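Look at the two complexes coming up: chain A is in both, with chain B in one and chain C in the other.
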Partner chain A sequence: LSIRPVLSDPEKQRGRSAAVAIAALVIAAGIPLWWKTTETYRAWLPAARISELEALQLELRVEVEVVFARGTLSPEQQKKVPASRITYESCCKSKSLCLVEADHALHTLTETSCGSVVIYIIPEASALLPQDMRVYVGRSRTALLRSQVASVVGAGLPEVLAALDPQMEQVLQTMSFNHQDVTAALTDRLRPGLSTRDSLADSMRAFKSSPGYEITFSLLNPDPKHHQLHWDVEAALDAYIYPLLHKMAPVANFSVDSQILYYAVLGVNPRYDASASAYTLSADSLAHVINPVEARLGSNAASSNPVLNFLLYVPDSLHSPLIIRNDQKQEVASNAFHSPRWGGIMVYNVDGAYGNDTQFPVDIAIDMSRVMGVFLSQLRLMLGFQQTGAPPGFVLEAAGREGVAEWELDRLLWSRSVENVATASASITSLAQLLDQIANIVINDNIAQQVASAVTALQAAVAELEAGNLALALEHSREAISASERAFFDPSLLHLLYFPDDQKFAIYIPLFLPMCVPILLSLLKIFREVQQHRAEKRAKRD
Partner chain B sequence: MANIIAVVCASYGLAQSVCDGEDLAERFFRSDHTNNWAVLVCTSRFWFNYRHVANTLSVYRSVKRLGIPDSHIVLMLADDMACNHRNPKPATVFSHKNMELNVYGDDVEVDYRGYEVTVENFLRVLTGRLPPSTPRSKRLLSDDHSNILIYLTGHGGNGFLKFQDSEEISNVELADAFEQMWQKRRYNELLFIIDTCQGASMYERFYSPNLMALASSQVGEDSLSHQPDLAIGVHLMDRYTFYLLEFLEDIHPASQANMNDLFKVCPKSQCVSTPGHRTDLFQRDPGSVLITDFFGSVRKVEITMETINLTVPGIPLERFGGEPHTETALAYVDQLPVAQIIHQKPKQKDWHPPDGFILGLWTLILLVFFRTYGIKHLKHIF
Partner chain C sequence: MPTLTLASARSPFRDEFAEELAIRPLHSGDIHASFQFRTVWGVDLLQATDPRFLRYAILPREIVCTENLTPWKKLLPCGSKAGLAVLLKSEKLFHSSYFSQAVHIRPVCQGMHCTVPSWEMRQTLNVVFDLYTSGQGKREWSMFKIKIYVDVTDSPQGELFELSPPTPLLSQAVVLGDRRTYSVYDLTDPGTFGKVRSLNLLVRWKADNGDMLRPLLHGERYVAGFGLQTGEIHTLIYNNHPYRAFPVLLLETVPWYLRLYIHTLTVTSKNRENKPSYIHYQPSKDRLRPHLLEMLVQLPPNSVTEVTVQFERALLKWTEYPPDPNHGFYVGSSVLSALVPSLVAMDTNITQEHPLFSSFFLCKEESSYFMRVYTEPLLVNLPTPDFSMPYNVICLTCTVVAVGYGSFYNLLTRTFQVEEPSQSLAKRLANVIRRWRGVPQL
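Up next, the complex of A and B:
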């Protein structure tokens, strides 16, 4: 026998107000509190500026200074051309000067900033250039262009320049950048298949832009019993490699080390060729040489920078001399080969240094200049200085001991800046997209700061590229890329918060259902009572 | 003479370009990769999961034999079988019965071992979001021209793979991780092999380009193990990996076998489960993809044609860096700073609000107090 408690009206009223108050508290205070405490912290990201980056338009501007030598302009043209600076270059007058000295003398006249080009127009009849050559590109940022503009009719300044335009464009495409270079640098953001095979090969060969590189020079001596090798690598690095690396300091940091490996053998057996009385390595077998050696090479555990390896292999006395043959079975002059994005190997034969009846082990000093000549050219390829074929009629001065000409460096800086800008903007936009898609990732303040600084640096880099300040543009693009990489690869952005929907229900139902059911039921009861009360009132009235 | 400053502007957006020039060797362009990486993961612990460790080690062995160096392999083993107390032949992990093939060898380099093999670490390796103190050997330092092989084995189910008996990775998370790798161009092409029960469910959700996937069984099927060894007392290998290892033993670095041969490994008659594969996200035709593109490391090589003539006589080598600096004597840092340890101040612990138990206990005490002594004492509190 259960007795239902009979409540008096004030008690019922109190009960009703208590239920409504609790429900109001739960809804007004509880739900916002739950929402706030289960929210992930997301710092604010500059979404508008990031979406601007998706449709980035790059404008590259090269400053060109055109200097007309005496004799190229007819007197009427000379009057019409504004003479802002009249400089008399006496060196050009003398016919007995050779080209290199002329170039050097010209270089001392003008101070060229990074990224700019100076073109000297010399008269058609000048004997400075050989007969069939029209353009000479020197070691610094100057070019000599042989042209005759005196014959241009109606000659004001714009017409003279228009006549020179196609030739100047060719010079600039060789010295600064051309369409292929820029599309190769932008391969990240372009659809595949848009770049030519040559530029694809260049982009596969050279390392991608990275804040630093590690270069390791190794001497492999498989036969210490017979050969005692001495190589003065420190002096050679100082003399030949460090100047190049110092010039590349605005591009990246370099760390160089060297080692000697004993009893390191190549993975392939060379075949003896009686006709050349030497052991030969064919081009096919070269691909299998690197892997067994790489396991022994080691690398710096502390940094994650890409590693370039340059190996000098001195064959053992049983397999000397060892020569490399290319696909056409011809001997290779350098006796060296390289692998894209890895480094190079040179085979150095020492059998000529001793006869059959010497006392073993023989002390052999390695000719570092020959070795470094090969390594330097391989290093240039790995770092991104392309094997540019000169257009017909051009003479490109070889870089020689300095390692790299200034215009070659400028070329690299142009493509690196574009590559950095493209990579940084790709990182930022994909990071923003990722953070949008996954609502559960925590975005800390430092990530927001990195993203903001990356976006600022990117916009500054684009502005500098438009203005033509290459050095500043490169600096800003490096800042942008390092900030964007740090933001993208921040360890706190790990997305481990994927909850399938059924798991979410399974977590929340046991917590909220026991609490919500009484509240809802009491609210329903109150609602029904109010309804009933209203119905009674209406009935009473009627 | 006059000086004129001329300005040349060029605008670049997304531009078209014409493919021209075929003068580079065909060999160079058959595939786009310049280096190879491998991430091999065994996710199970305990002695009776010996076969998963043996699976991973046999793939490791093949990959090393075909040329990928240790610096390019990230090997994750969730438990140590070779030095397990229950291993009757310590320092060995066998893959064939009668102990024919010891896949442990003597130059195994395990990068993540034991409890370090977690879902978090696996995802961190893939996406590259590792703390800066991580050494090089524990990182996947691939670039946009790397081909990566990923091999997973363990216990799995429909849409998940179990790690260490305590957590799981879902196929959505894996697909998202691969998409993040693609966004950063951390791979050129990726081959994903999984040997677990219902393995095909793990590659259902992939959506990034250049992915090829193989699994040992379809959804709803179990992958079975191959043969127990009576001396060791556990099953040594799983069937799919056993026949995969047999297939790979015939491959050498110059072999021309392609992916279609790999798809035929372990048909239903041998494997009992039906292996599956997925190639719709892969751009090249599988028949033109060599096994060594993923399992081996065949380098592209070019002959160096140009050299720089540095042998100019008479010019002495100048010292570039200035005077050689004398080296200061180096000494070890105090390895065990006892003085610091003894006089250490206790660490400032953050204050936490009282735990649930304490709160409940005090609530109970207060309730009992006020029930017995009446509600009017409440005014002493408020």
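Up next, the complex of A and C:
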């Protein structure tokens, strides 16, 4: 028989301490080293400020200057009002002075900044406004309000202002913004159902805010054998469209081009209507008109800006004249229609220009003023200038040479700024959430910088909106949107996004499994021995 | 209609459009058809063009197919609805031996004084219809339905082929230095097609022989050598003029992964060294720009000039290989540009009416014309790594590390005990026998 001697204790101790030392070294030094060398580079993002953006409260402030004309206030009330250096009585004395000239004279007296409104209160008996007109809104941020508080005697200034409040609020809602406008601009972020049907239609018709737009004017000639068309589009653009686009320069960049397409037919066959002795396109067939033409229109391949197409269609001699009928089966006066977020189409009939026996092809010059008038109004709708339904008693001055009044532009700027702020904050918060959830995405320094600048610009825009500086607010909001888009769509975010788990295991297991198994087993053995030893000690004591 | 004129109130020059088709029956029975479309705008489209900035780009891997033909047709004013473009059907065009389409945009002068530049866009389409692939097999070709020019130089009396319907209109034009005679069918003249409203052009070949005049300048290029380390690019330039020598400008753009050894550049003509009169070489930078080599070589008459340069193939980084690395890498074609002396005197009067196909390059001199020839692209194999190696390396190193570490760990933590050696089997057996015998044990 062989006798197994008892293990010498120092030997066992040495073994145990070696195992524990190795395990300690692996855990203390190995694991942190492995963790550090395999982590993805993630630059720091201002997470606290981004989470603030989620609960953003927008406050919009309009600067209003109220000027009381002579005769609206009693002398005691006049003393309370700060002295004004405007002396306008002279221009309004003569009856024959028309409203427009008065408005122009008033405009030259005060300097109005973007977003502010000046309201002139004129006495009730003034002959400047016709009888049924209460408010006149001029071309440039001024409004004339016929006051009805002259009879209040003994009331202090605050009461006068309080009495004027509802009327002034109405004026401001027409000239600056109202609840519907703001909710329409925020439709992306708000639950549906909060906006009215009209404002929803308006918001769906206009293009979303974008740093640039491309406008294309096309002349469609399906019948070059009979009609030889001439259109002086460059001069027409200079006269009608470019003034509007220059005015809108702070909002976006525009690029305009024009083309002529031959043998371009509409997608529907118009039906002949004997009662009107013309071919008609009914309102429900208009939706099918655009598709076959769209393939030939073309666009700029180098930019991702949205395109507005304006088509002028001259029907061929077989289908002339062509009229468009609306839902109520009535002729549309302008013979044109527009498609939301796409553009407009106008049908120009030339059958009156020649008789039956003329020599074909006939030279026809297109009357660009008529055409451009229609296109300009469609362009205004597409860009976001709403068809304001003026409240009763209001008269809105028609826009002048530039096609848009200053206050209309201000309205657009208000809704654009709000829309930009909403979109930019939505992008930034969703980007931050995405980066948080997926630990695999590499965040480079330039993305962190873009996000930081977007957040800064957003906060600046909100501050400017609160202060009432509309132009600065718009600029900051545009900056915020471009920075947030650039950060969101950066291609470097996807670099390590998809790293399948089985590949990770395939790389780690051949190394770590053989290393860790002996360590674990010896640790288990040591643990069991210690437990056994303790159990023996307890048994000895008892 | 052949021309469409549109007046623009701004400019006194009008916008114009012209189109033409030139047909040349070849000796082998193939038909070469060349469509030319020219649009001129009477306005200055790009106000500032600095001719010092030249960009050259080439996509050698791309092939031309219907996807390229469709947007090309859309550039024409009437698209494919009217005019000669109606004949451009992609099933017929791509069943051909040779197909080439081009768009050229450049500023041109209108009139002698050149006060306002106008812009011209030329679209050309050249196609060689193969006799057999066009499915007919008979030596007959017809097309119907502009001005159509048919080249009858090779068969003045009708020996090679017969053209019907016959036309009395003959015109001569000088194309590429060669005076050729054309039968012209003018589609705007109603007398051309008589009562029937279509023109059926029929070419019937009679004879089988005859050879063609070779072009005065053409080039070839190929890669020589073996293995995946080195190679040689050979460019052959043929000058078939019987007695005139002329210079040719050779432009080669070779990607950076073929590292050219410019000290091995040799130019030989007729087995003698031919030193180029001008060499411009811009070395490549890895992953930034390719080699640019431009040389002005004088070609002796009736000779072949060979330009050779050796190169070494680079090993790319693992992630730079395309999805099918063993297909090879494309090298773009080299460009030969020359003023080729013409065999006949040419007309330099620009105001006279010329057919479009002969007036693309403006001739300033009577005795030579400009020509640009492209050689074939090359397909070169680069040494391809074994893409499974990273996994193999991981497995191997991890195994070695694990085995080494295991042994090391074992040595450190093993406890040694002294043990009595147990008796061997033989001794145990002997002890059993001794017990039985009653003898003391071992």
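A few remarks follow.
The definition used in the following text is that the second predicted complex is superposed on the first by the 468 of 542 C-alpha atoms of A that agree within 3 Å, B and C clash if a C-alpha of one lies under 4 Å from a C-alpha of the other, contacts with A are read in each partner's own complex, and residues count from 1 in each chain.
The criterion applied here is as follows: a contact is a pair of C-beta atoms (placed from the backbone, for glycine too) under 8 Å apart; a residue touches a chain by one contact, two chains touch by 3 or more.
Small disclaimer: the values here were computed from a predicted structure and weren't measured.
Contacts of A:Ala18 after superposition on the shared chain: chain C is touched, whereas chain B is not. In the superposed model, A:Ser522 makes contact with chain C only, not with chain B.
In the superposition on chain A, contact of A:Leu266 is made with neither chain B nor chain C. When both complexes are overlaid on chain A, the residue A:Met204 reaches chain B alone and has no touch with chain C. Within the superposed three-chain model, A:Pro224 lies in touch with chain C and out of touch with chain B [touch as defined at top]. By the touch criterion stated above, A:Ala454 is placed in contact with neither chain B nor chain C.
With both structures placed on the common chain, the touch criterion links A:Met248 to neither chain B nor chain C.
Of the two partner chains placed by superposition, A:Leu412 touches none, neither chain B nor chain C. Of the two partner chains, chain C is the only one that A:Leu511 touches; chain B does not reach it. Note: residues 235 of chain A belong to the chain B contact set and to the chain C contact set alike, using the contact criterion stated above. Within the complex formed with chain C, the chain A residues making contact are 2-5, 7-8, 11-12, 14-16, 18-19, 22, 224-225, 228, 230, 232, 234-235, 260, 262-263, 296, 298, 506-507, 510-511, 513-515, 518-519, 522. Taken together, the chain A residues at the contact with chain B in this complex read 57-70, 78, 81-88, 157, 161, 168-169, 172, 177, 179-180, 182-183, 186, 188-191, 193-198, 200-201, 204-205, 208, 235-236, 238-240, 242-243, 246, 283, 286-288, 290-291, 294-295, 299-304, 306, 324, 326-327, 332-334, 336-342, 344, 346, 367, 369-370, 372-374, 376-378, 387, 398-401, 403, 418, 426-427, 430, 434, 438, 468, 488-491, 493-496, 498, 500.
Listing the residues of chain B that touch chain A in their complex gives 1-25, 28-29, 32, 34-35, 67-71, 119-120, 123-124, 127-131, 135-137, 139, 141, 143-145, 170, 172-173, 176, 180, 183-185, 253-254, 297-312, 315, 317-321. Only residues 1, 4, 6-10, 74, 77-79, 81-82, 391, 394-395, 397-399, 401-403, 405-406, 409-410, 412-422 of chain C touch chain A when the two sit together in their complex.
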